Amino acid sequence: MKPHRLTYNEPGWLDTLAAWVLALLWILPLAYAVWTAFHPAEFSTRFALAAPLTLDNFARAWAAAPFARYFLNTTLLVGMILAVQLVLATLAAFAFARYDFRGKNVAFALVLVQLMIMPDILLVENYKSMARLGLVDTLVAIGLPYFASAFAIFLLRQTFMGIPKELDEAARVEGASALQTLWRVYVPLARPVYTAFALVSVSFHWNNFLWPLIITNSVNARPLTVGLQVFSSVDQGVDWSVITAATLMTSAPLLIAFLLFQRQFVQSFMRAGIK
Amino acid sequence: QVPVEVQFYYPVAVGGPIAKTIDGFAEGFMKENPGIKVTPIYAGTYQETIVKALTAHKSGTPPVTSVLLSTDMFTLIDEDAVVPFDNFIKTDDDKAWLAGFYKAFMMNSQTGGKTWGIPFQRSTVVMYWNKEAFKEAGLDPNKPPTNWAELKDAATKLTKKDASGKVTQWGVQIPSSGFPYWLFQTLTTPNDAILANDAGTQVKFDDPKVIDALQTWVDLGKAGIHPPGVVEWGTTPKDFFERKAAIIYTTTGNLTNIKANAKFDFGVGMIPGNKRKGSPTGGGNFYIFKKSTPAQQEAAFKFAKWVTQPERAAQWSMDTGYVAVSQAAYDTPTLKKYGADFPPALVARDQLPVSVAEFSTHDNQRVTKALNDGLQAALTGTKTPAQAMKDSQQEADRILRSYK
Amino acid sequence: MSSIELAGVAKHWGDAAALHAVDLRIASGSFCVLLGPSGCGKSTTLRIIAGLEIPSTGKVIIDGQDVTGLPPAKRGIAMVFQNYALFPHLSVADNITFGLSVRGMPAAEQAMRLGQTAELLGLGALLQRKPSQLSGGQQQRVALGRALVAQAKVCLMDEPLSNLDAQLRQEMRRELRDLQRQLGLTVVYVTHDQTEAMSMADQVVLLNKGRVEQAGTPRELYARPASTFAARFIGTPPMNLVALDSGRIAGSDVVVGVGGASLGVRPESIAIGTDGIPAVVQDVEYLGADMVLRCAIGSETLLVRADGQRHCEAGERVGLRWADADAHAFDGDGRRIA
Amino acid sequence: MSSIELAGVAKHWGDAAALHAVDLRIASGSFCVLLGPSGCGKSTTLRIIAGLEIPSTGKVIIDGQDVTGLPPAKRGIAMVFQNYALFPHLSVADNITFGLSVRGMPAAEQAMRLGQTAELLGLGALLQRKPSQLSGGQQQRVALGRALVAQAKVCLMDEPLSNLDAQLRQEMRRELRDLQRQLGLTVVYVTHDQTEAMSMADQVVLLNKGRVEQAGTPRELYARPASTFAARFIGTPPMNLVALDSGRIAGSDVVVGVGGASLGVRPESIAIGTDGIPAVVQDVEYLGADMVLRCAIGSETLLVRADGQRHCEAGERVGLRWADADAHAFDGDGRRIA
Amino acid sequence: MTSGSHPSRQAVHAWLMLLPALVLLVAFTHWPAVSTLVDSFFSTPKGARPSVWAGLENYEVMAGDPVFWKAVRNNLAFAAATIPFSIGLALAMALWVNERIAGRAFLRMAYFTPTVLPMIAVANIWLFFYTPQYGLLEQITGALGLPSHNWLGSPATALGAVTVVAIWKEAGFFMIFYLAALQTMNPSLREAAAIEGASRWYFFRRVQWPLLMPTTLFVLVNAFINAFRMVDHLFVLTRGGPDNASTLLLYHLYEVGFSFWDTGYAAAITVVLIVVLAGIALFQFFVLDKKTHYQ
């Protein structure tokens, strides 16, 4: 038999098996959601092959809130947050990774502290700030506290520190300014990490709930999860059919986006061209 | 003239397109009252709604009115967030309107001689039973247990086990996650115990009648006819549909849900009594927030009054499964017809005369948690009922010390 | 035009010293080759001139201006890195034009310069490839292209041809030299290839353990090595250094006409024949055009370069001869005598 | 003992072909040098032997066993990568002993081997450094050390000495050759340095654009180049190829004694004097030991190697002469005639 | 910066780059956090009773609060399980899907689903998994003939059940960062290791793992912090019950802050939580950062 691939860097069958077992476990909730959403309620706990398919649950879920508008808002929201986060975090991470200056450690510690502070704890204070700024009930208000992301700064700092210094030097010898070097060398080389962060940030803000609920009032400024929340109130007991339908409906764009963007995780050959 | 704007927060606690009904109310109201602009704002669950309302209140921009749990009354008073309705009750019509609400609902809406909340989406705990299971067990499907002895007896017969001795159907199931105290009241009330005084400053958890009630609950589990440990509230209706529980205690708010999903004939009945009959009420009231202008408050009052008029209350009841808040609502032709077609819808109303207030005190959530912890400790067997209630009492006394 | 001067430049990393107080003057428009054994500090010197390392002490002066604290981008230099440092995410074309586009040169002019450079380096067919898709020598040529395209006044090259085959190398040398002359560039060039050093340099700077051992024109270094180190370092095979024992070749009674501790004679200066100083061939290395014989005289051995076509076997007895002018004398410290 | 055989090995990347059906036999215990211009497929060949690339077609046979699908670890080889591929986080010592510790060799023996190797390569003082703290040549020596310490039966080396100075290089060559003989290693060695190829190889394989142009002993390649490509590629300066116009040197009436489309004469085979074929010196390149003259005959030019001490100026008229045995004839396709 | 320009100019540039992020951080994180710190020394204002200086009273209350200590113990157990498991699994997942494994795109998505799905919904699905009698777990254990168990409703298993959900969520989340880091690794190192005959495990241990340290440091700090601030699923699954068996610190904090509205006490818990977390996380960072190989 003729080998077409290099066997030395491939996982063996044992790894493949383990990976698949783990993946099946991991996807179980999603698989369950798919099952339940497409079947009538009585099959939400019974897995019979002959169960009839239905789109009823989706129809019910769709009708419960102005989802079309919410989709629009959410898309604008996550787009805005991601864009600002990336810009701010890139600049800050670059400063931390490649500059030496007094107070660097203190500044970095201050940034890290944000990781420990749960945004919900600051609800009242931040509400006050937004009220003062006259931003209550706007998309900007939802995003503002998240614009400076310690998570992103930390992540990018780690990545930038790992970028070969040779390339930085080469860019500078070629006359690139610090910002040009950042933009033309660091950012493209960190692409897999940017992809990772983008996926995570978008997912997080797509699903973030409490702060948007509190700070917004009108349909025009509210994200999807507020619509989704209608189904999670359990006064009447859990109605898995409609919850899962709503979940699939709201998460489908994310899942599709992930499937598209996971291809971005390709070998970046960061050290190719360096001897 | 600029219309008076009234922001109105409301929670959605039951499934379905509630928001549309609320929007419909607001529109209807505005048509009749052109000087007022009501903006309904969906604010999540009850818990999220109060977080949102109080966060806004603390920032100086609360809604004008909001529907919040009736048990939040003391919390809202303590936070100095709301104003009593008494200021707005001026005409005879107003007085008649106020007097029209069921007494049981007003218990959680008044304290210190003042009315702080107006009943809106209210409920009570009732019992649902599976008629088919009754038949299989040789019980009369149309004669549900009416007291503890009968309940125990029926539950014993209804409990089914498979060959390996594993229970496949529990006789009775009373959920105990989240807010066990509320379900517990379906046991303490029949045992003729009231957990808190009207002023919300004193609780009686270590009352022998309370301990006895808890013992009864624990004993159901020990007898193997009630699921062990803490029973999830959220899955209880499903357990019922799946015939894993033949009798369940849950809110009247579940009626629509059970009606739609139970694939068998079922009955709805009053909570079985012991020394007396009875069940707690629950659900939400209208409150008016203090930090709004008098004109807004007045407008909010008008809105609350308008929404609780019999026709609207009747419609709300049918849309949501909640109990209509006044007798007048039940006297409307629509609800009458609905009740005639679907008699279980009237059980809650019929139980109201013997119903009691939902447990509520000052520093309500904290005291409630003390009780909940005790209940769960007893139900999971980590403490005896007596010990559990004694601990809870101690904790509650400590918390309430400063309110005396 | 840009002259370069290093004044007392030293560089330490912790305890390790890479350069000890180097003084150096490179005339504007000249071609200066840095030569020296591996690890002697050539790259460090280049990197200090480029501004990529800050000297521990000393100053760097370009065109009369002290640039010691100036960032690389402001020094008007181009550089070929020893390790290439190509941008892995950019195509060959983008790598080469990186500096041009950074400086905002119009696209048309960039394209033109790119075309010229690519043709010069034989990279025309590879412009769309990424560095990871190139062979080692192709990568090196891209690195060279990136430095050449800028036509900066000062060009620093760190072994820019080390991975090219002889032929291409030869061509490149010529092209580089032409370009340098034509544009009047000041080039500082590191190489370990002596032929390269000899054929290209206006000035050769020989470094040894972080110190300048000798600096001068190629001919000077070849003809009058300042020390045994310089003598042995330049020339392949290197100059023979024969220990002298009071005027005689050690272990023999052959008298040579010079004093000092050792005598140096280049292998190519030795004529082989039947008469002259008697020696025994110990070993023959065949090198194509010629061959190198190892011959013993007393306790010393000498390498002798001879014509490759000649036949010679180990064990043969031969006679060696050299002109007086080809004999170099060194003292006990290895310094040249007179 | 391990012989290596490539049978019809080709390698494509998409459209780009790096190797076209290469057949090659390397005897066990021999020293084989791969030679060829930049980008001709030397590294690719090496990587295919190593098992780092899978050939698009063809088979790799080591020691009679088809290893085409075998992972590198199972082939019993060691390799020096052209780009070193040092582990950046490991010290020099750990880099060198990486393979030994993989195989669970006792620490004492590892230390011993490390000591030997480090001494051989002059890395003794640098064992605790990280690769980023080394000079280019030092890094290369670490890469070499990592391959040598294993004493694998087959050793693949991709330009292992390209960044070393001439002297060290010379030493290393000798050491490598000794080691190879002593341990009976089969070495496949890529170099662009002809002297290296000539002095070290048992067999030289000349690659051109992914094809084997000629394979044989160094002498064979030098003395009887199979094509104009081989003729021009081997030898510095390369063989002169003079276009013939019906037996005469193009643009002149000089008759040469051979037929074919072109005549090849090596620069070092040409004697320069006053008589012989008249030519004009156009250019002089000084190379230390000798110099290279560019001389014109008719419309053709020839390079001539002469003694470096001799004086010669552009414009001088000289006479050139070569032996008949030194004249090579090639046909229109560049193939050797007879 | 290795190269040339004047140190003070460098500093100015660096601070300019930090400025936008720092301004927002200060405005929406540090400033409110400081006001929390101040609040913790005051009593909780209750309507008519304004807040007054209370000194350390809130901290004393905390020291005497059994639920707090229960939450501390639970949280330590929770952290001890989630941190190693989620990092270990994340790493294994990333190593798998970094390579050419069969069904790679699917595997990647499967591992990433916890991050994509909203926690409210997911918690409800897990609720079904854990439901006695007909829940998924029960259906499986039932098929194997094991006895029925009330996973969330009994104190012995509630915390464990909640921990499993957290690991499920975290591992998939961190996987993505490991994957990204693996993709930037130099492929020739794998080749060099393959030549030397290193097994996959050996290669991982000696090469990949040390080179992943920057990411591990990042993941570790985050895993550590998340262990003390992951609560979403508790709201649906157990609400800290039964009898606080699964209460975690942040859940307790939520109860105090948003159910009891005891802002003074909540502030005190917040301050302690932040100070302890920050102390440990920064310690981790600054110690490990020095030992990390970055390029």
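In this document, chain identifiers A, B, C, D and E correspond to the written order of the chains, with residue numbering beginning at 1 in each.
To be clear about the criterion, a residue touches a chain if its C-beta (ideal position, glycine included) is under 8 Å from a C-beta of that chain, and two chains touch if they have at least 3 such contacts.
Values in this document were obtained by computation on a predicted structure and should not be read as measured data.
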Revision key, fill the gap. Label-sorted list of chains bordering both subunit B and subunit E is A
Review point. Which chain pair shares more contacting C-beta pairs: D-E, or A-B?
Key: A-B
Practice item. Please find which chain has its CA centre nearest to the centre of all protein CA atoms in view. Key: A
Check your understanding: Approximately how many whole Å separate the CA-defined centres of subunit A and subunit B?
Key -> 38
Review point. Quick one: subunit A and subunit E, Cα centre-to-centre, how many Å?
Key: 15
Revision key, fill the gap. Per the C-alpha centroid definition, the whole-Å distance linking subunit B and subunit C comes out as 92
Review point. Going by the touch rule set out above, which residues of subunit D reach two or more other chains?
Key: 51-52, 71-73, 82-83, 136
**Study point:** Touching two or more other chains - residues of subunit A
**Key:** 5, 8, 44-45, 124, 164, 169, 172, 189, 229, 231-232, 234, 238, 240, 268-272, 274-275
Revision key, fill the gap. So subunit B residues touching two or more other chains come to 51, 178, 234-235, 238, 242
Revision key, fill the gap. Subunit B partner, complex, touching residues on subunit E are 46-48, 67, 124, 127-128, 131-134, 142, 145, 147-148, 150, 152-155, 236, 238-239, 241-245, 255, 258-262
Revision key, fill the gap. Listed in rising order, the residues of subunit E that touch subunit D in the complex are 186, 188-189, 191-199, 202, 206-207, 210-211, 293, 295
Point to revise | Of all residues in subunit D, those that touch subunit E in their complex | key: 50-52, 71-74, 77-79, 81, 83, 85-90, 98-99, 102-103, 132, 146, 150
Revision key, fill the gap. Per the touch rule above, subunit B residues touching subunit E in the complex are 47, 51, 54, 75, 77-81, 164, 166-168, 176-178, 227-232, 234-235, 238-239, 242, 244, 363, 365-366, 369, 372-374, 376-377, 379-380, 382
Review point. Can you list the residues on subunit B that touch subunit A in the complex?
Key: 7, 11-19, 39, 41-45, 48, 51-52, 55-56, 58-61, 178, 233-238, 241-242, 250-251, 253-254, 256-257, 261, 263, 321
